[in-house]
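This report refers to the structure that appears directly beneath it.
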Amino acid sequence: METEIIEKERVKLKDGVLITGLPGIGLIGQVVGRYLTQELKAKKVATLYSHHFPHQVFMTKKGSMRLIKNSIYHYPAKGADLLILVGDVQAMSSVGQYEVAEKILEYSRKVGIKKIMTVGGYSTGKITEKKRIFAVATHKRMLEKFKKFGVVFGEAKGSIVGIAGLLPALGKLRGFEGICLMGETHGGYVDAVSARNIVKLIADYFGITIDLKKLDAKAKDSEKMLKKIEEEIQKSMIAPYESPKGVSYIR
Amino acid sequence: METEIIEKERVKLKDGVLITGLPGIGLIGQVVGRYLTQELKAKKVATLYSHHFPHQVFMTKKGSMRLIKNSIYHYPAKGADLLILVGDVQAMSSVGQYEVAEKILEYSRKVGIKKIMTVGGYSTGKITEKKRIFAVATHKRMLEKFKKFGVVFGEAKGSIVGIAGLLPALGKLRGFEGICLMGETHGGYVDAVSARNIVKLIADYFGITIDLKKLDAKAKDSEKMLKKIEEEIQKSMIAPYESPKGVSYIR
Amino acid sequence: METEIIEKERVKLKDGVLITGLPGIGLIGQVVGRYLTQELKAKKVATLYSHHFPHQVFMTKKGSMRLIKNSIYHYPAKGADLLILVGDVQAMSSVGQYEVAEKILEYSRKVGIKKIMTVGGYSTGKITEKKRIFAVATHKRMLEKFKKFGVVFGEAKGSIVGIAGLLPALGKLRGFEGICLMGETHGGYVDAVSARNIVKLIADYFGITIDLKKLDAKAKDSEKMLKKIEEEIQKSMIAPYESPKGVSYIR
Amino acid sequence: METEIIEKERVKLKDGVLITGLPGIGLIGQVVGRYLTQELKAKKVATLYSHHFPHQVFMTKKGSMRLIKNSIYHYPAKGADLLILVGDVQAMSSVGQYEVAEKILEYSRKVGIKKIMTVGGYSTGKITEKKRIFAVATHKRMLEKFKKFGVVFGEAKGSIVGIAGLLPALGKLRGFEGICLMGETHGGYVDAVSARNIVKLIADYFGITIDLKKLDAKAKDSEKMLKKIEEEIQKSMIAPYESPKGVSYIR
């Protein structure tokens, strides 16, 4: 098995909702995911590892190391039992992306997730004052609920690349309801404003009280972290001991 | 399993024929496939999903989303029970192409398909007045039947890339009869004339009455749709949040 | 299963020898393989198909089609029961190469093959009058036998790429004896002289009478055939309906 | 199964330690690994082959051939029963790297390995007089032990690419303790001084007497060997019989 989820703690949710925030357009997903887990002091319950992630490990300041991974946190909100998935990267190939998505869905079913809510950015290439939240949903019912919160359906065009799209769309086939929330953004920089809008929406939707003041600082922190990850991952694409002709077989 | 066919409705055909029309040379396959399903009001009976398709989903105008897929429609013609397979894309790698073909054959056997008829274009690089229909067939019997309809055998040279060739050729190994019909075309543009010839051939061969007048409009529509799909699929090959050195791990 | 060998006729050999002649340096392997099967009128007993071959089919002059494949022929020589493997291509990736080799070994064991003899070229970059036959063998015993026929051991340096090396080396792990015969050659053109030397060696070694006169003509024929195959295979690496930005998802 | 470990001799270790020395930054891992096995006259007990290694075989001076591989040697030190893994290459893809690592861990568990110690280089881009040994460890206990030997924890930053990182990090998930020792080095050349430091550390740690005088000569030898391997492996990325357009299907 090339992707596995290792449970730290077995959870059993009632009508659980999985929220995912992974790297993507404007870093909105990742900023939202990290902010939620940190501010809500959500509890880590599982870790996802995949052979489709880069073949390298990160060194920690304390002299330890860790695999590249995605992590799943639990937070019992008033409105629903939430799992929040965050992580360093998404899988490196189409086959890997689908496999990781299937594995997340398998785990989700096991622990009682019923709805899947992914967070991403919607790149307009423009800088706008008002940043709307666009979305697509798998079921009418869910669409109607989010419309009441001002979420805009039917205006985002084109396609969603990666887990933010695959998870709800594959999830529909496997019996889940799903929605992908997309913060309107330029696309060329980390958008803390758009991320804040989505955090607020999620808080309102689930009846969570969350302080939004630290979001700007946290977004900068997320950006810095991701830049480092990015630089490191480039190393697995270059041979450390390069031959004159640039053969890359020595990892 | 990395490719799956999900049945909406179980069909049981008697001497069924599977016709495939997927994107390819001159878009002839796709135009023919879409025209047949739409004009004949064929009924959708199954959907094929594959981990070898791009890892992205399309957003719909109604605020919903859908995976990249191939779809299978059913139309009971006078001459034979037809299934028509159409779709957004073909698999992205050799291994994926073979796997998808095997899965289609497995499904075909299960529902009673006996013959496989794929539709593609044969690129000559020239603009000709008369557009012939070339073909290759797996069995003499089938070749003889189609010759009577003016189809030209033994003149097309070289190879057929993708599902249009793999499906009948692999199908032969699995006990099916097969033919690949190729509309003569320039290769550099969408060829509605060549597509119309093949629709007419299929209609005549199976005793179907079909109005050919809307084909030009539909071909333009197919072209537009494909251009959009094309643009979107390029996105899964570029990182949305690009690093200065262009690392593409963030999907 | 991504590679399969379909038997046309079940053979049961006693101390059988498998000879392989596939495309490679100086086309020597392929010329030798094809010449042996044609001149000896060897009987086709099995066909190997693989998902690791290009995803395309060849059209025949008679209006039929065939998958890309390797073929196995049987010829009962005086000295030993021979199987000869020839084909269009080798697998397209490392994983594919190993898989195809393992499948050939599995089949070989089943039908009673004990020794594996692959044929290739050894490129010197020089044009030499006298073209030696170099070789490496898995067992001392085999090495000694071939030395008596003038085959040179211990002078060829470096590595052997593809099935010509993998098959005997992997074969050793699976209980076979093996040798790779390499005709000395320039490397930049099809070398009929070097191929003839190897055909003669094989004939002498197994006590086969074979007319060598037609070899030059046949070598030219092999070259022509391979050039065509080459041109066709390039097509599976280019999209037939290319987008302006060159996306290649339409096969 | 695409990666396999073939045992030459079954070992059963008590609190065994696996040391790996494979090609990487400054060639430090490989020099250390080869020096240890040769100077300690360690006994070869197993060989690892993988479909994720290049599809080629090396020719030997004696006219034999061998697959690309990793080898495992056994040396019963005073302080612990050691296995030393050395080899030509690391796997060619992320999926391959993870698979090979998992296979090594599976074997390790079977034979009684408890701790995993990988050796690599830490590239600073600078030439320094004093070459420290940096490390990251999976458990506090191990970190503390190595600190006493002057090993520096918490200063190396970034990530470790390949087996040197994957093996201890994945190993932690599978119940092993692990450490990655990294010799400080420039990164642009083979660093025998840094390698010697690590050999000395390992000798001291396990109470092994080992002569360090030959290390310079052996490092040069390792470098020469690797350059050859490098040159050869490039061949599997180029077609031996190249078409004008550079198609690479003929391996």
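For reference, chains read A, B, C and D in written order, and residue numbers begin at 1 within each chain.
One rule holds in what follows: a contact is a pair of C-beta atoms (placed from the backbone, for glycine too) under 8 Å apart; a residue touches a chain by one contact, two chains touch by 3 or more.
Please read these numbers as outputs of a predicted model, since none were measured by experiment.
Simply put, chain C must spin 90° to overlay its Cα atoms on chain D, rounded in steps of 5. For chain A, the chain with the farthest CA centroid is C. Homomeric contact chain A/chain B: same residue numbering on both sides for under half of the interface positions.
One simple way to say how far apart two chains are is to compare their mean CA positions; for chain B and chain C this gives 35 Å. Centroids built from CA atoms put chain C at 50 Å from chain A.
Residue positions 54, 92, 231, 233 of chain D each touch two or more of the other chains.
Taken as a contact graph, with one node per protein chain and an edge wherever two chains touch, the assembly forms a single closed ring in which every chain touches exactly two others. Here the touching chains pair up as A-B, A-D, B-C, C-D.
Contact residues of chain B toward chain A in the complex are 2, 6, 49, 51-67, 92, 96, 228, 231-233, 235-236, 240-241, 243, 245, 247, 249-251. Interface of chain D with chain A (complex): residues 23-27, 54, 89-95, 97-99, 121, 123, 135-138, 143, 153-154, 156-163, 165-166, 168-170, 173, 180, 187, 226-227, 230-231, 233-234, 237.
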